[in-house]
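You will see chain A twice below: alongside chain B first, and alongside chain C after that.
Right after this comes the complex of A and B.
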């Protein structure tokens, strides 16, 4: 699962007021290089939730990352964003709904978001 | 088996065996490809630009592969873990293959020119642009509002029309699905999926496009939904294929009626099982029980005779 996907994922378990962002508990994280496409990153940019991305990166690193809001986006920033959005894969771990603490396990890079009929 | 939807849950039908079969059938691959290509055409995505596409019911990632070829980034979700596993393996394989290819290319490039390493790292290899997720679309899509540029769903939505347990109410599941789909799509995004009363109830505009309406086999129904309610981009692209007549109806079709249309024939009425509790059946049952060595009352003239009516 890429962090890009994580940035869009939201939990809709019954009883959550705000199921976003999901907390990541990664046990196996892999970096796969992919070709950089700055146009693609630019396109994705307006849809991103920046605080959620920072939180996700922090979850993965388990340390505080520097928080900076750059308005003028340079190539290097795009590169860094691309690395985090497209190259970092969470292979094994857990997603945790912030509202209800419902855990969604990740296996083989595929998060299991299945909800039972009574959970919706 | 003509209608696998009736046999149970999708994740039960698409088990490991079925998933492998699905993925190795060249006919299936071709059909999926063709439909996906047409769906992409119907989506009216801006050309030469990568879009973020949601693939609902991605299965083994056949449609995702086509999306990838068109340069789109996709997120697939499916209810069958085995199908996803196949998709995952395939993506992994193509990643490794492409990775090796590019490595050798990069090495050759390095041998030829003494370029800086940075550029090499940049276009080192092409990884699959897809991402997978295990999810049941009937419980609503778990995404933030207004994230996806488009959505495709190839032969998956019919599963929503059937309930596999008493807790699953098809209508509710359809509403849940379409309302979440409406919210996660960007304004002026399009969804090409195959059903429709519920869709208009939650605010989609659009209609059904029928390709090859006169052919029983090649006939395909596309439900094209667009998020702009005014229907600005109303025209249907590509009446190019020979014999393809696109016929756009306004979506006031009921779900039940639609099912009939999709088959191209009327749905069969549910028939009562014949021959239950007749004399023949009872005698036969007693005989088999006797053979099993069970204690059974002897056959008399009263066997299977109807009781007199009570006052």
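Right after this comes the complex of A and C.
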């Protein structure tokens, strides 16, 4: 699972008010470098939820991000975003609903978001 | 995907078109024979994806248009032709060269005519024009643009006279008699002699010249064969004045049969007896993929060569057709909500798209045992892995967030990136450029959705939650389709496309029974027949307006015009196929025979099992006595 996908997933167990963003608990996180398509990154940018992305990055790094006050999107920022969105893969771990603490397991890179019958 | 071959003739006069094709390229496009019905829709989509719009055939000087194919002089109308001739102005050559680079299956071509000798003459003329092009071009074209034109032409026309070459004959999968083969080679002798380069068969820089002998095809793309016996009776009907070499025109009222009968010994002669309806000659552009071409062709992508397969994997050619209809390019984000073994996403990934897939089926997670997982095929072709999520398309809006960040941004000092204040607009982000899928209709795989059969399911104990297997219930086809259209309408960008496959029985009416959505417009629906009763359609829809969440119930209600009745027509097809089979004469007898056979088989197996058990017992007894 890439962080781009994480940015769009939410938990909606019955009765959950605040199921977004999901917390990441990764036990196996792999970085796989891929060639950057800056057009693709640019295209994705307006669709992202940035607080969620920052939270996700913090989840996988377990540390505060470096300060960067650069607002205009330069090539280096694009590169950094590309790295986090497309190159970081959570292979094993869990996604945790912030509202209900329901854990959605990630196995072999595939998050299992299926709700149980009593959660629909 | 379609095999596309192209042709470029600079000032050759096409016999069928009255317009002088000055300053235009002619391009011949060849399609995969198995999916002829989809050809025009697909071509249009590919061209549009590259910013080329098909103009009217009024002979206007700008834009791209389709020219009529050469017709044999017998005036017999011929359907099912795998070729299209496109004509476009030289100024657009740059765009075209981009197109041929991204779609490597395209070929650029030389010449076309109904009879072999004409074809050869035309290409000879054209080639000679090109070799001393400086004089000819400047004299025939307007002065100033001449150098500009040559710049544009360069990617399409190879002007290096020393380049190695080879000559191939393509007969659409039929055999041709030796004398005719010789004839074909000899007729093109002059043309080939004027090529200066050496002959090399498998050098990567080799340019390939290709002669296509077009024959008549049946609806499924195999050759129509003619019996020799009746061949001579009707010679005088429509014999037109043609060259001596042209002996291919006597095809009125000749009994037709399909190549499936070719194994019949009596018809051995007929195997060779196909009449050419047209010849095309030209230079191949880019690499080509032809289905009978071994490892270089589509076979490389065929299902057989993939490490991970399922019963519902989509065949390679059709997946490519679907990606073309979905206008998938290198920058597309594509979603498949019924990903299965990932066969459709694989085709999208080959087009360079970023792929996301989801499925409710547990096999998405587990694969088929061992290391047989969905990733296997992507690794096999060295493509980037897609994003796969196990989620339920019926609950799409609960699995994926709705709110879209608004455009007001401010800088937050504590974070690495610009922070966007997200307001809940309750609209899913317009993430996808295309949604391409093969929804489950219950023919090979039935659809499931989360939930229990019971109204009040038993709660799952918290300590068992982590390895509880979620229950699923059946998911009716009408709901599958309305959820699919609704998800597409709310998550596609405006202008994005939804492409899906729907099976149809003979009672299916396209105007009334196809599901519809106010935000989606039907672009194309192409029918592929399987038998007299059954077939399937590829439907392509385009999102035209923004999705209005407050109208969701209205949207959902208007999806089926005739309500669930329409959905029923594509559901439970297995039963309908059985029913149709029962109506056929002789069904009872055949069924009885089958029953007897089945019984005998079962009995034989039982006996064998018994015997092997006895032998085992005996051997054990012997052992124990020893």
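As a convention for this text, the second predicted complex is superposed on the first by the 115 of 120 C-alpha atoms of A that agree within 3 Å, B and C clash if a C-alpha of one lies under 4 Å from a C-alpha of the other, contacts with A are read in each partner's own complex, and residues count from 1 in each chain.
Criterion: a contact is a pair of C-beta atoms (placed from the backbone, for glycine too) under 8 Å apart; a residue touches a chain by one contact, two chains touch by 3 or more.
Predicted model, so just to flag it, every value in this text is computed and none were measured.
On the superposed chain A, the two partners chain B and chain C do not both fit; they clash.
Of the two partner chains, both chain B and chain C are touched by A:10.
By the touch criterion defined above, A:120 reaches both chain B and chain C. Among chain B and chain C, the chain that touches a larger number of residues in chain A is C. By the document's definition of touching, of the two partners only chain C reaches A:53; chain B does not.
Once the two complexes are overlaid on the shared chain, A:38 sits clear of chain B and of chain C alike. In the superposed model, A:27 makes contact with neither chain B nor chain C. After overlaying the two complexes on the shared chain, residue contacts for A:112 are found with chain B and with chain C alike. Only one of the stretches 61-69, 115-123, 277-285 or 295-303 belonging to chain B overlaps chain C in the superposed arrangement, and that stretch is 61-69.
Comparing the two complexes, residues 1-2, 4-5, 8-10, 12, 20, 34, 37, 39-40, 43-44, 47, 49, 108-115, 117-118, 120 of chain A contact chain B in one case and chain C in the other. The residues of chain C lying in touch with chain A in their complex are 330-331, 333, 354, 356, 360, 364-365, 373, 375, 384-385, 387-392, 395, 398-401, 403-405, 407, 409, 411, 413-420, 422, 429-431, 450-452, 457-460, 465-466, 468, 470-471. Listed in rising order, the residues of chain B touching chain A in the complex are 49-52, 73, 75, 77, 79, 81, 84-85, 88, 95, 121-127, 129, 131-136, 139-140, 142-144, 146-148, 165, 167-168, 176, 180, 184, 186. Residue ranges of chain A in contact with chain C, taken from their complex: 1-2, 4-5, 8-10, 12, 20, 34, 37, 39-40, 43-44, 46-51, 53-54, 57, 64-69, 71, 77, 80-81, 102-103, 105, 107-118, 120. Residues 1-2, 4-5, 7-12, 19-20, 32-37, 39-40, 43-44, 47, 49, 86-87, 108-115, 117-120 of chain A touch chain B in their complex.
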